[in-house]
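Heads up, the next two complexes both have chain A, just with different partners, chain B and then chain C.
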Partner chain A sequence: MTLKGDNYSVEFIKPSNKIVFRGVLRLQGKEHYQEIYDLLIKSIALAESVLSIDMSKLEFLNSSGISSLCLFAIYLRDVPGKRVIITGSNSISWQAKSLNNLLKFTDKIQLTLV
Partner chain B sequence: MENLDPDKIRSSIDSLLKDNGPLRAIYDSAETVEQLVGLTRNLMQVVDSTQRDLADLRLMHESTLDHATNVENELEEKNARITELTQKLRKYLPDALYDQVMGGRLEAESPHQRKRLTILFSDIVGFTTLTDHLEPEMLSELLNSYLDAMAGLVNKWGGVIDKFIGDAVMVFFGDRDGANIQLETEKCVLMALEMQQQMSLLRQRWSENGLPGDLRMRIGINTGYCTLGNFGSEKRMDYTIIGGQVNAASRLEHLAPPGGILISGSTYLLVKDKLECLPRGSIALKGIHHEVDTYEVIRQHDVNSPCTYLDETEHGFQLRALHFDKTTASRIEREELRVACQRALQIIESLDADSLDSSAADEALDPATQLEQVREEGAP
Partner chain C sequence: MKNPIHIGDNIDTEQDIENIFKVSLLPLDIFDFWERCGQFSDFIADYFTYNFTDRPGCKNLISTVINELVENSVKYSKNKSQPIELVIRKRAHRLVITITNSVPRHQKEKFSSICRELFERDLDELYVERVQAASLDSKYSGLGLILLKKDYNAQLGFNFFENDQDLSYVTISLDIEVG
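Then we have the complex of A and B:
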């Protein structure tokens, strides 16, 4: 399942329990992120125990986008038996700083920076 | 629970909920102590949940603020980097192209335009032969010091370096918005004079460093309408000028004497008040239908002198060396000479006005007889 916009794509690869974010995400407001949020919720439901989220190819994410990820972290807290591994990139400076904040919401998220 | 005094409980609740009408109404609906306890338990659960939500909201707010700050800082760093790069870019791009790129007008504007420009070509005589004899390191030192000096002068005089072709330099003036072609051309030719002076200094330096010290530079300058714009392929564009006038400037450079500056008649007309030039005949140039007058630039005029061939001084004037060839002299040159001679005569006649006026007979004599008569009289 793939969501595509002008400069971005979010792809759920079910066989490998993986979501891949690519490009530049600068949608306006929480409501425009609803589709992506719903995909995250659906993916965690379909995934086996661990869902991988690869953000290393996401060059830019605006504030509304990080808020949606925070909401997903809060949601994940109450999903039994599921964990998430987020992969970010050290070469995209916002990722090292901002993705780390998601760990404050739940211990079910693990962050790897490559 | 039976020991609890319902009135005391109600009194406590009244004081707690005095400002909360809806909650007070719920408590008022409780008839027994058990119902009051149940309501309080529910309320505490709501409070707990609300506190958790509030903590999450605070965390979300902080995370979003952190992220926004990170992105803003990154943006600022990138802006600073872009500013640094654009400042560097500015040195390499013509002003007009830089403005087009930075103003986002590159796509919108017509890719080519016609402009009246003054074009300069220069090269070192015999440089190609030299490349076969010199070690690459020495050649590199020689070429870099030469191009560096010339580029510095172009920058100083406000020209645009179109390209370096080995030891050859192609420069043009007049591309700025609202440029005055006369001023731009004067700057171009004055720059050429400074380039030749700079070349003398370089020759001295090269000689001291064991490099060839006898190299001479030729310069050709022409003024005319050129096609200016971006030429090339989709992936590699050059902001350059093309046209017959550009070729003419290149041809003038090839015809210039070593160490000299050869300019066309159209350039000469724009600088003749500022620079002393000698006519060098007319030449036929490919792409230009008529013959082109050529002039060799000698030096900058005395700023107080109104004529090309005449420098007026406090006590009279000084005529410059005249090289008049009636077979090659152009109309411009003839006019220049006529003006210089007339001005010289005016100055002489103003001194002798009284004596000339006193002898009406003198007027009938031809100039040679007049001169002989004055000599015989021994007049001062």
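Then we have the complex of A and C:
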């Protein structure tokens, strides 16, 4: 299951319970992230106990996109028996500075910055 | 300039400025071709990267900051055919950025109260509150500005004013360490 835009892709790899974000995501507003949000919801439903999300290849995500990830974190609160591990990069400023906002919404997310 | 209202930090845009970049953008040109916003932000980041060669990662940071400010101005300009004025000044290891756009008169009070909250509230609490509110109502939330202040430790100032034709504007001033 893969979503592709001109500058990005979001791929759910079911056998490894993993989502990989790549490229640049600067969509126009929260409603434009609906498709990606829906992919996250489907993926957590299909994943076994842990869903891994690799952000380390996502060069940019604007504040609308970060908000959509936060809404996914809020959704996670009510999903029993599932956890999410997010991997990001310390060398990409938005990841180093803003990814930890997700942790304010749920304790079901573990964040690793490398 | 009539009925000025200042909110937030006082940003010095004069002292020890080493170079200046000014540009006018039509909000409509970006609104209709949204990718221009990111492309423009990347161009500005490339332009200033030469001044910060000892600061790895500065290109990503500059592009992110410019992109958030321009997105904000484009979305909330009253008149999408009236130019946004963007000025970027370099001072030592910092950039001082001002961006001016028109504001719908009837929303000026709402905008200014949202701006005031950035200086009166705990920003982590405010962020959580605004994300939850934005899930119900996607109108102006100022989430990008909260992130710039909270996560990037930027100084932020807002100047609301009216011109001689009684049109309302806001200038957002931001002072940020790069690198």
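Following the convention adopted for this analysis, the second predicted complex is superposed on the first by the 114 of 114 C-alpha atoms of A that agree within 3 Å, B and C clash if a C-alpha of one lies under 4 Å from a C-alpha of the other, contacts with A are read in each partner's own complex, and residues count from 1 in each chain.
Note that in this section contacts are C-beta pairs under 8 Å (C-beta built on N, C-alpha and C of every residue); 3 or more make two chains touch, one makes a residue touch a chain.
Bear in mind the structure is a predicted one, so any value in this text is a computation, not a measurement.
Once chain A is used to superpose the two complexes, chain B occupies space that clashes with chain C.
Once the two complexes are overlaid on the shared chain, A:3 sits clear of chain B and of chain C alike. Judged by the touch definition given at the top, the superposed model places A:41 against neither chain B nor chain C.
In the superposition on chain A, A:50 makes contact with neither chain B nor chain C. In the superposed model, A:70 makes contact with both chain B and chain C.
Of the two partner chains placed by the overlay, neither chain B nor chain C lies in contact with A:79.
Ranked by how many residues of chain A each touches, chain B and chain C are led by C. Once the two complexes are laid over each other on the shared chain, residue contacts for A:97 go to chain B and to chain C alike.
When the two complexes are overlaid on their common chain A, residue A:62 makes contact with chain B and with chain C alike. With the complexes overlaid on chain A C-alpha atoms, the stretch of chain C that clashes with chain B is 63-71, out of 9-17, 27-35 or 63-71.
Overlap of the chain B and chain C interfaces on chain A comprises residues 60, 62-63, 66-67, 70-71, 74, 93-94, 97-98, 101, 104-105. Those residues of chain C lying in contact with chain A across their complex are 34-35, 37-38, 56-57, 60-61, 63-64, 67-68, 71, 75, 124, 127-128, 131-132, 134-135, 138, 141, 143-144, 147, 151-152. Of all residues in chain A, only 6-7, 24, 26-31, 59-60, 62-64, 66-67, 70-71, 74, 91-94, 97-98, 101, 104-105 touch chain C in the complex they form. Within the complex formed with chain A, the chain B residues making contact are 56, 59-60, 62-64, 66-68, 70-71, 74. Taken together, the chain A residues at the contact with chain B in this complex read 60-63, 66-67, 70-71, 74, 93-94, 97-98, 101-102, 104-105.
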